[in-house]
Amino acid sequence: MLTNVSSPERIIDVAELWAGYGATPILQGVNMSVWRGEIVGVIGRNGVGKSTLMRCLIGLLQTWRGTISFMGQDVTALEADARARAGFGYIPQGRDVFPQMTVEENLQVGELIGGPGGKKLPELVYEYFPRLKERRRQAAGTMSGGEQQQLAIGRALIGNPSLMILDEPSEGIQPSIVQHICEALRSFRNELGTTIIFVEQNLDTILAIAERCYIMEKGKITRSLAGAEVNEDDVREQLLL
Amino acid sequence: MSAELFSLFYQFADVFAFLILSAAGLAIVFGMMGVINMAHGEFIMCGAYVTVGLVNLGVPLAVAQILAALTAGLIGVLVEFLVVRRFYKRPLDSLLATWGLSLIVTQSMLLIVGSAVRGIGTPEGSFAIGGYTFSTYRLVLFGCAVAVLAGLYIIFMKTRFGVIARATMQNAAMAKALGARTGRIYAISFGIGTGLAGLCGALYAPTMTLIPTMGATFVVESFVTVVIGGANVLLGTAPAAVFLAMIRMALNASYGQIIGQIGMLVAVILIIRVLPEGLSSVLVRRGR
Amino acid sequence: MALVEVKGVSKRFGGLTAVSGVDLTVNAGEIHCLIGPNGAGKSTLFKLIVGLYPPTEGNILFDTVDITAERPYARVQRGMSIKMQAPSVFKELPVRQNIQTALQERLSGPERIAEEDRLLTLLNLAADCDKLAGALSHGQQQWLEIGMALALKPQLLLLDEPTAGMSPEETFKTGELIRSFNAEGMTVLVVEHDMAFVRQVAQRVTVLHLGRIFARGTLESILQDGKVAEIYLGKTHAH
Amino acid sequence: MFKLLEGPQTLGRGKMFWSCFLVVLAGALAYPSFADSYDVGNFAYFLIWIFMALGLCLMWGYGGMLSFGQTLFFGIAGYGYGVLAINMGGGTATIAALVLSVVLAMIAAGILGYFMIWGGINGIFFGIVTLSATLVLAFFLGQTAGPEWHIGSARLNGFNGMKGMDPLTVGDFYVEGSALYYVMVALIVIVYLALRMLVNSGIGNVIVATRENPQRAEMLGYDVRKYQLLTFVIGSGLAGLSGALYTSWGQFITPSSIGLPAAAMPIVWVAFSGRSDLTATLVGAFLLLFGFQTITVYSQQAALVLMGVLLLATVMLAPQGFVLGIGKLAADWWQARRRRSDVAEAGRLQPEES
Amino acid sequence: AEPPLKVGLLEDVSGDLAFMGMPKLHGSQLAIEEINKSGGILGRQIELIHLDPQGDNARYQEFGRRLLNRDKVDVLIGGITSASREALRPIVDRTTTPYFYTNQYEGGVCDASMISMGAVPEQQFSTLIPWMVEKFGKKVYVIAADYNFGQISAEWNRKIMKDLGGEVVGEEFIPLGVSQFAQTIQNIQKAKPDWLLTINVGAAQDSFFEQAAAANLNLPMGSSIKVMLGFEHKRFKPPALNNMHATANWFEEIDTPEATEFKKRWHAKFPDELYINDMGYNAYNALYMYKALVEKAKSIKLDDMRKVIATGDACIDAPEGKVCIDPKSQHTSHRMRLISVGPKHEVKVEKDYGTIQPYWLGEIGCDLTKKNDKDQYTPSHLPKKS
């Protein structure tokens, strides 16, 4: 099924997506759709291709076949930077902060490139992650793992994207801040209407914010859990596989 | 006495200017972008030849020098587009590619322009202090070196472009995912680097013999300066040049050029041994 | 009996004190969990123990020998191994060769191959053993790194966030794995943020905050501690 | 032992590869019987340089140490051979001079390597230190023209170069022409096979692991510095072997064999060939030496342009190096052909991916 | 017809020295064309095989062998730097092929296989230095390239200055490739010499002149390699070379009828030549000298040619005048002239010394008619008294 006629509320539409590394296909026909303002989780075991899917969404990995549409526009051929400027925000797995730049400069990169977010955003980020404010002038590469993760999230938030793609945002973060991040993401969605797609393994996080979940297995979306299905037992069952 | 003091400063300034001007372009291209640019000397040569060519056409020297730097910059952008952009992920191959380029360029210049080009003479005249006379132009060179350092610092530390450019060079994919037009940023940065190399050639053109292989005279010094500057080239290059210039000047003055040259290289070895991450590693304060 | 004794150890980075006068004893045969907020100094403490950083102050004893001045490889040869927080496998080498490099000092010939196969199966990497380690997914790299640490058969195993990026089930499996090794006599010191995992494995828990020991005891006592909840756990776990 | 000839660290394995190896070797051994004696000597000359390339391949491709100092040790052994051969009086003593000069280079490499590796120097800093050391030696030797610069009865003779040493000699027989050629072929085969065994051994594992991540390697209990030093000494020793052989071949050596641009040449050979594999380096360095000479003979002033184009085209078209690139092309083609025939046979048995 | 004579030529036409090597190639080509037109040597045409060693000593060795062993040339000519000559000598010495070195150089090579066509110190310095001392004063400052040529030339200067009662107030050796001279200029001013001996070598070191002029150094200069060899007066903007003095067997500015005729032929064939330097000129002469030797010996064998040389009658009429090969050293006698360069870089012949023999090697004991030393001597490295 190939549709280019997606309704305007659908912020992202992935149809029959194939992609991989070298000659090895990883994503083998992924279909998914996300509506404006949704918070959608993608879950699955290690190595099934969740990160690969996220890389395709932001455009760091070329799609072999299939289409990605963003607000009804086909963005499959757009490069990552163009997608970012169109409103995609991305937090990669493994943080990827700019190691030799200070925390402040890392945030600046997100801010300078991102869309118009108003002056409040940096303050907001510092509010959510006070550690970042404390360490404004520290080289990002010398921060602790969790601090870097906070920075990566802050860096994406600050660009005020309309779609945020988060690859395991809670990894390595202390429980209280995980809760914090969950609240932050929710309030972002509530206040700014940001759509959020996230990959997660942490059960608490999934339960706390996901409104819908896609289950991934071997390069395909095999199921989706909607509404009430996003409960501890169902999710656990899916992750058990 | 003050004449001796001035001459000490003059000699220092002279070596310092040489090191900074020859290294500035490489600081960006190699130090920041990681491209082992063996054709650095050829961009310097390009700046020198364009300057001389334009002056011979009647263009005033200063204008010719600026145009020459721009030409080298534009050629740099072109070279980046045609060759260098393939090599950001494999810097060691950039060595081979640019070395090939360097061979092509020097020899083509020899074939096209000929083996020797007539010089244009040094402007600005001379002045005397104590028993010595000095070339005024050498102070101009020093001024330019300082200006280049300041300019680089401002561009890469204080501007929007600079922040994004540094981010791109540290992690291009991530910068791209944040919306940076990394291709363009790379091209511009490379162009700035080669433009500065061209500027070096342009500034030294009046004072040197022009042959197609002239770039070679600058290359060792420029690599050495950039490398011992360390990872943070914007902070490291200046102290590296100060350090090397002092050593070189002192040895040149007391023991002659050969000891100056050997001594500088030995100093390089010792500095790296003491600071295996280069000079900037002690300058960048960790934490707050 | 103390296997590791950290005595009054501090580590400063410029003006920042990441670890400050820490005293910590890990007893032989126990599973000891180190928890604490981001930036508390947990990873730094690990690096001090394996010798990647020299301490600014203090001493570290392993098996009653002062190893403060020893290089990391010597400490590893004494019987410790570490899984670092960020996966640091040999990215351009095949998965199997990663394991082999860790094993080859201990075993050789067919025994080594058999052990490689056993570990690869255990780590769920048997199918990917010819892939370059850099081409593994993030979670798989974590597994590989754990495998390399295990391959050394250390007396003391240091695990820095071993289950980050693992699903609850995999986390549980990892916990069981660690317990089984512990049952064979391996001492384990582990940093984690996943309380379920900590609950599963920990015999003793130490909380680090701002570079200092903040609390220690059993997990239950820690979870009851309101201050720990405030600085670290947040609402959910503060029952 | 011989199992180590193959392994994950070296490309080329199985019957196919070793048959090719034997065919090439047989061809090489038969070559003098049908070739012009000049060409045989010229080939022997190319082979002289290969050791330096193999040494760099070991250090750089396997060990991750980009040494600009191959010519430093080339020079030390080259001059060393000259000094020893002159002072020990030629004849069969030249064999001892050869061995001793290589040992000398290895000792020097041990000292410089200890100084660098124990000082924590790596990456590009390693390159710059070795380059500086090379240039220091070149500058120093360049100014030794005066008669006061001599070692025993051997004058260093500055920039004009040191002369007057015997070539390798056994009794009264000069090892030249096809004799030299056979010696070179034998040495190359020995060194090549020995290096293959080294890199496929446990030591080789640690060497490549150190390249990938020295900290992780140390965390596995290896004193990586020792392995790096070993790599550096062997690699530099091979450069020394080239140097001593070169001096013996031309009975002449000058500082310009040590300074720039000579120092860049080994890097060019190895990068061109594909630094990650010994076989590629062996074949590639030979082809490049041969190619550059041929180009220079036949194209006069265009030669340098053509050489530049060749290098540029190689890196742009064959990112892993010329030989590896060609090798991969061939392998792909071979596999594609096999796969095509497989597919043809399997036909519709191929399950459709659903 | 008989097969042509093969001339093997090794000249750098790429790399740093290309601007000097090019005229050398041209000189050889011109001479060969002329000789072939006028019937060749002993009726045989000449075939030129030129290879470009690109300034690389190892290439000199490779190509020397190639020309001698594969192409089996009848004569080998070429080499720019002394190092390239030294690279070739061990190879040539093991054949019976004659080798012509066509540069002026630091002198002292006593080798039966080699015939030197260029001027040597006793021809250049024993003319130049006394003249400079007489004209400008007894205090000299030397800047010299830091390698054999520079160091040995400086040694010659020291020896001659001592004989003249002069004083060397400073000597500075510059590594090849150095292009910055602010310190040197100041050192010179500090030493207050009457004149400078500039034996700096190569394009980079030539930058000295421009930088000295910019600093208003303004001292008389003398040299054995400037003007005639590197034609700096053509390459630099006046007045950088003002007040330069040099002695040589050839300057393009010599305007005797023979010289003028020669220049006309050259420029007709190579209209773009910036300057016919002495190397190019010597390279041209080398072929005529070879022709003379072969025709007198009626043989292309080195031994037979050397018999002609031993008679002392191996002479040709060159554009500079008559030149002959000295039997003891196999170096060439030259008509030496001293020139000066003016503020507009105009060149004036100040003095014509007539023919000067390359006597020094013979005096110190080199006698190739008796013994083949295969060595290079300097004032401080003399043959052992046997």
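Lettered A, B, C, D and E in written order, each chain numbered from 1.
Heads up, the rule we're going with is that a contact is a pair of C-beta atoms (placed from the backbone, for glycine too) under 8 Å apart; a residue touches a chain by one contact, two chains touch by 3 or more.
All values derive from a computational prediction rather than experimental measurement.
Taking the definition of touch as given, a chain qualifies here only if it contacts chain B and chain C alike; those chains are A, D.
In terms of the distance between Cα centroids, chain A is separated most widely from E.
Each chain gets one centre point, the mean of its Cα atoms, and the points for chain B and chain D are 32 Å apart.
In whole angstrom, the spacing between the mean C-alpha positions of chain C and chain D is 43. Centre-to-centre separation between chain A and chain C, using Cα means, comes to 29 Å. The distance from the centre of chain B to the centre of chain E, each centre being the mean of the chain's C-alpha atoms, comes to 37 Å. Counting partners per residue, chain B has 107, 110, 216, 258, 261, 286-288 as the residues that reach two or more other chains. Shared interface positions of chain D, defined as residues touching 2 or more other chains, are 139, 143, 301, 303-304.
Residue positions of chain E with contacts to 2 or more other chains are 14-15, 146, 173, 175.
Listing the residues of chain D that touch chain B in their complex gives 66, 115-116, 119-122, 124-125, 128-129, 131-133, 135-136, 139-140, 143, 260-261, 264, 267-268, 271-272, 275, 301-305, 307-312, 314-316, 319.
Touching chain E in their complex are the following residues of chain D: 36-39, 41-42, 45, 139, 142-143, 145-147, 155, 157-161, 163, 246, 250-252, 254, 256-257, 262, 293, 296-297, 300-301, 303-304. Residues 160, 163-164, 166-167, 170-171, 173-182, 231-232, 284, 286-288 of chain B are the ones that touch chain A when the two sit in their complex.
Touching chain A in their complex are the following residues of chain C: 13, 16, 36-40, 42-44, 85-86, 124, 128, 135-140, 143, 161, 164-171, 193-195, 231-237.
Residues 14-16, 18-19, 22, 146, 172-175, 177-180, 182-184, 186-187, 189-190, 203-204, 206-207, 210-211, 213-217, 231, 234-237, 240, 272, 274 of chain E touch chain B in their complex.
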